[in-house]
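In this document, chain identifiers A, B and C correspond to the written order of the chains, with residue numbering beginning at 1 in each.
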Amino acid sequence: MHDLTLILMSKLNYWIYILLMMIGLYAMIVKNNLVKKIIGMNILQTAVILFFISIGAKNKATIPIIEHAHGPGNHAVSAAHYINPLPHVLMLTAIVVAVATLGVALALIIKLHQQYRTLEEDEILAQLKNE
Amino acid sequence: MKVLGAIIVLLFGSLLIYCTLDFPSWGDPASPASTHVSPYYIENTLEDTAVPNIVTAVLADYRGYDTMFETVVIFSAGIACFFLLRSFKRIEPDTRLYRHVPTGITFRIEKGGRYPRESVDFERIDLQWVPHDLIIKTTCRMIIPFIQIFALYVIAHGHHSPGGGFQGGVILGASVIIFAVSHNLRSSTNRISEKNVVLLSTTGVLLYAATGGLCLLLGSNFLDYSALSQIFGVDSVTARSFGILLVEIGVGMAVMAVMISLYYNLASAGKQDEGL
Amino acid sequence: MMWLIQLIILIIVVVTALAAITVKDLLGAAILFGAYSFMMCLLWAIMGAVDVAFTEASVGAGISTVLFVAAVFRTSRRTKD
């Protein structure tokens, strides 16, 4: 029983991220509406970002801003006291790129709506077949 | 399609869950991700760059080349949105709405009518008429300067606290967007025109690249800011801190301009006359 | 204690994600996506990624929602699923 709790404590987070990622993937595959597909894409992106952030987490560590940086004397900086900053850097740029892709995707949607007057995938496909 | 999608998702998900069994447990300080290069960053950032916020230092200094091309990606997204949506055929509608500002009366002028001359008394408003809401307009006008000052603080103080070019640029862009939402798109484009937006975004990207090129000219590697010590007249550690600030300003300008341009194009479907 | 807060926020995140892809109104979906982003931002703040949380609060919960609302305003709110 104790082992099971330990496994749950250490792995439950990852399982929830996978659940989130699968929600996003499911929306991208199954949903018929294009805006819903984009929301699914964003959910998938944030789930991946969440996963990256969580592999940088450390127990008993503080945020990656060095303490007493301007105090008198030099304090020794130990790597175990600070959370791993590298995933934060990579994901910070990923979030901003995510909003850039979102902008382009929404521009494509507006263009499609001007052309076909609908956002449903099957209606667009039916119009394409009739042409 | 629904069943097929569910099957794919379930298979993929169970495969990933099976893989998590080999993961280090959550928050393990000895996990592989935290043992290779990141201890170097944590232990040496303060000596190398004099920047307490490790994320800013790694973002703009150690991995500056990466961040430069992230900025280029955002810039090209703005350009892509522009080319996809922007249409220059301007069809002015015959029916226009004007508001007499001192009294708040709205005029509807049909075809053949005489439009009032451009003046401070008459303000042209969108055809999809929104009521004149004094509370929203006044609140936004009062709050925008504080948002902008906070954004500048976020850019300038990114060395010591969470923040930096990306966040500050987005907040600056949001202050312009809040103005466009609370008034209308036309009064916003009158203040910050499309030309200025494009100019700002290119200046931001070029400022980043120029900082790197300046280091190159001073006989050092591309984006190695310690070469800037010859210009600023400080030691090379402080020069790296200054170089990070220059780069953050460039990122902030580019991100702000791209956010505004995305909003202008999306809200007006490329016509940039009437929007949300 | 922190573990409990994290678990609660994770559950809210999953619920808002499910709601955002099932609600039958695109404007509602956009707003729910904003709520999802903000909950995600809280999660990152708990994990100690303050810079990422700050970016997500301004980008995900702010600008993304505005862009979604603008696009829905320019197209249609109707959706079949």
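One rule holds in what follows: contacts are C-beta pairs under 8 Å (C-beta built on N, C-alpha and C of every residue); 3 or more make two chains touch, one makes a residue touch a chain.
Worth saying up front: this structure is predicted, and the values here are computed from it rather than measured.
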{"item": "Residual chain groupings, excluding chain A and keeping positions", "value": "one piece"}
{"item": "Pair exhibiting more inter-chain C-beta contacts, A-C or B-C", "value": "A-C"}
{"item": "CA centroid of chain B to CA centroid of chain C, Å", "value": "19"}
{"item": "Separation of mean Cα positions, chain C and chain A [Å, integer]", "value": "11"}
{"item": "Residues of chain C touching at least two other chains", "value": "50-51, 55, 59, 63, 67, 70-71, 74"}
{"item": "Multi-chain contact residues (two or more partners), chain B", "value": "53, 55, 162, 166, 170, 259, 262, 266, 269"}
{"item": "Residue numbers of chain A (touch at least two other chains)", "value": "9, 13, 19, 26, 54, 56-57, 61, 64-65, 87-88, 92, 96, 99, 103, 106, 110"}
{"item": "Interface residues, chain B side, partner chain C - complex", "value": "53, 55-56, 162-164, 166-167, 170-171, 173-174, 177, 181, 259, 262-263, 266-269, 275-276"}
{"item": "Chain C-touching residues of chain A, taken from the complex the two chains share", "value": "9, 12-13, 16, 19-20, 23-24, 26-27, 31-33, 35-36, 39-40, 42-43, 46, 49-50, 53-54, 56-57, 61-65, 83, 87-88, 91-92, 95-96, 98-99, 102-103, 106, 109-110, 113, 118-120"}
{"item": "Interfacial residue positions of chain C with respect to chain B in the complex", "value": "50-51, 53-55, 58-59, 62-63, 66-67, 69-71, 73-74"}
{"item": "Residues of chain B defined as touching chain A within the complex", "value": "1-2, 4-6, 8-10, 12-13, 16-17, 20-21, 23, 25-29, 31, 33-34, 37-39, 41-43, 45-46, 52-55, 58-59, 63, 66-67, 70, 73-74, 77-78, 80-81, 84-85, 160-162, 166, 170, 255, 258-259, 262, 265-266, 269-270"}
{"item": "Complex contact set, residues of chain A against chain B", "value": "6, 9-11, 13-15, 18-19, 21-22, 25-26, 29-30, 54-61, 64-66, 69-70, 77-80, 82, 84-89, 92-93, 96-97, 99-101, 103-104, 106-108, 110-111, 114"}
